[in-house]
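One chain, chain A, links the two complexes that follow: it is found with chain B in the first and with chain C in the second.
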Partner chain A sequence: MSLAKPAMRGLLGKRLRFHLPIAFALSLVAAAAFKYGVTEPRKQAYADFYKQYDATKEFNNMRDAGVFESVRPTGE
Partner chain B sequence: MHCGKYIKSQTVKLCIVVLHIDGIRSPLASRCYSHAKVETDEEFDARWVTYFSKPDIDAWELKKGMNTLIGYDLVPEAKILDSALRACRRLNDLASAIRILEAVKDKSGPHKDIYPYLIQELQPTLIELGISTPEDLGMDKL
Partner chain C sequence: MLHLTTGRVGCLLSKQAVVALTSSGARMSSHGHHEVSDSVDMSQPMYWDRLDTPLPDRPWKDVLDSTDKSLKQKEKGPWTALSKEEKIALYRLKFNHTYPEMKRPSHEWKTVIGGMFIFFGITGLVVFWQGHYVYPPQPHTFGEEWQAKQIQRMLDMRINPIEGFSAQWDYKNKQWK
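Up next is the complex of A and B:
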């Protein structure tokens, strides 16, 4: 039983033509998933935190806790 | 042979041959923008058979030819390999002859049907020249 002649040319090219578009597509999907799953929620969390942030109040809390060297707590 | 512009993202542009399921191949050395006449497969094969058929081929030319041939995106045809094996015979280089068979098996990669087919086609030559295959010598099990 003699073997039939298989395809012998362009095997790598064929493989790349198939796999590279998939690779590019999956990379874009991974990047998009990271952007919308991680970085956007993170940015939103920061925005939400600072929307109602009162810098002066926080400063006074830290001052009264005694963590500064440049100012002493109120009342000392 | 025509080329399709394949835009994958806003900034990356690949120029590749249009994808067809039954496989249009780009020949070995052609550029989309080149007007050079593209060499046919038969011309390519004939060129390499001629290269290895040189009666006074030397060891360097044999090695250079094989290395160049292995660099291409193809498994060499049986007639090219036959010509190369006969060149090895003229150079009294059995080691290179067996190495050529190993290289062909490696070039086939995941396509396991190519190597048995080529051994089948080369059988008369292997017998005539007294070349053992790596399998005969147990070298594929190292």
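Up next is the complex of A and C:
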């Protein structure tokens, strides 16, 4: 009963050669997923919001709801 | 001294017999293994079964009877002359457990999980009693009416109108989107 001699050297190198490319690739995937899943939709949402935004109208709505201390609702 | 006698007996017997004999008299013998020894003389070379340190300071069997001694003599010659059983016997003289025997699974996890759940249960009872007897009355701001007025004020102030709170409210139809 003679077994094959086990690998005595290069164990860390072997592990790194296997795992580092995978780690690198997965990191890139994670970054890309975050960019296109989160940041780009968020930028688009902000752009769309401000395209149709009328600041004066929003101000008057908020004023009439009574949330300001500096101005009272119109007609008081 | 149970270890020495069973080691002596276990030389050429099956492994199960040795394990069965050595696992009695241990603390949690319901776990299935791990003998516990009483005080050890630390000034003498020790034997151990450890996965990370494979070669102990002394062999498992120190006191050899005549058959063991003759086997050890034979070991000094060419090893090709040794039969398979003799090689195994020499191994068992030198070591208590093999690596697979050292790595054998135990039933300890059941005790751990069971104990965990018991303590979760006790904690649950404590928390329930606490909620009933210890907590003061809730602040008035937790009431239904106050919460509704609070939500209306948040919508009036246009809290997070782009992606958050007010973005979910339909201001034209005065309802949630």
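One rule holds for everything that comes next: the second predicted complex is superposed on the first by the 76 of 76 C-alpha atoms of A that agree within 3 Å, B and C clash if a C-alpha of one lies under 4 Å from a C-alpha of the other, contacts with A are read in each partner's own complex, and residues count from 1 in each chain.
By our rule, a contact is a pair of C-beta atoms (placed from the backbone, for glycine too) under 8 Å apart; a residue touches a chain by one contact, two chains touch by 3 or more.
As the structure is a prediction and not an experimental result, all values here were calculated from the model.
Asker: Looking at A:67, would you say it contacts chain B, chain C, both, or neither? Reply first, second, both or neither.
Answerer: After superposing on A, A:67 lies in contact with chain C but is clear of chain B.
Asker: Between chain B (first) and chain C (second), which does A:58 come into contact with in this model arrangement: first, second, both, or neither?
Answerer: second
Asker: Should A:12 be classified as contacting the first partner (chain B), the second (chain C), both, or neither?
Answerer: First partner only, chain B.
Asker: So, does A:22 touch the first partner chain B, the second partner chain C, both, or neither?
Answerer: neither
Asker: In the three-chain superposition, say which chain, chain B or chain C, touches more residues of chain A.
Answerer: Of chain B and chain C, more residues of chain A lie in contact with B.
Asker: In the overlay, answer first, second, both or neither for which of chain B and chain C A:42 touches.
Answerer: second
Asker: Based on the superposed arrangement, let me know which partner A:2 touches: chain B (first), chain C (second), both, or neither?
Answerer: A:2: touches chain B, not chain C.
Asker: Looking at the complex, which residues from chain C come into contact with chain A?
Answerer: Of all residues in chain C, those touching chain A are 153, 156-158, 161-163, 171.
Asker: How about chain A: which of its residues touch chain B in the complex?
Answerer: Spelled out, the residues of chain A in touch with chain B are 2-14, 17, 20-21, 24-25, 28.
Asker: In the complex, go through chain B and note every residue touching chain A.
Answerer: Its residues touching chain A are 6, 8-9, 12, 14, 16-17, 19, 23, 25-26, 41, 73-77, 109, 111, 113-114, 116-117, 120.
Asker: Within the complex, which stretch of chain A touches chain C?
Answerer: 42, 45-46, 49, 58, 61-62, 65-67
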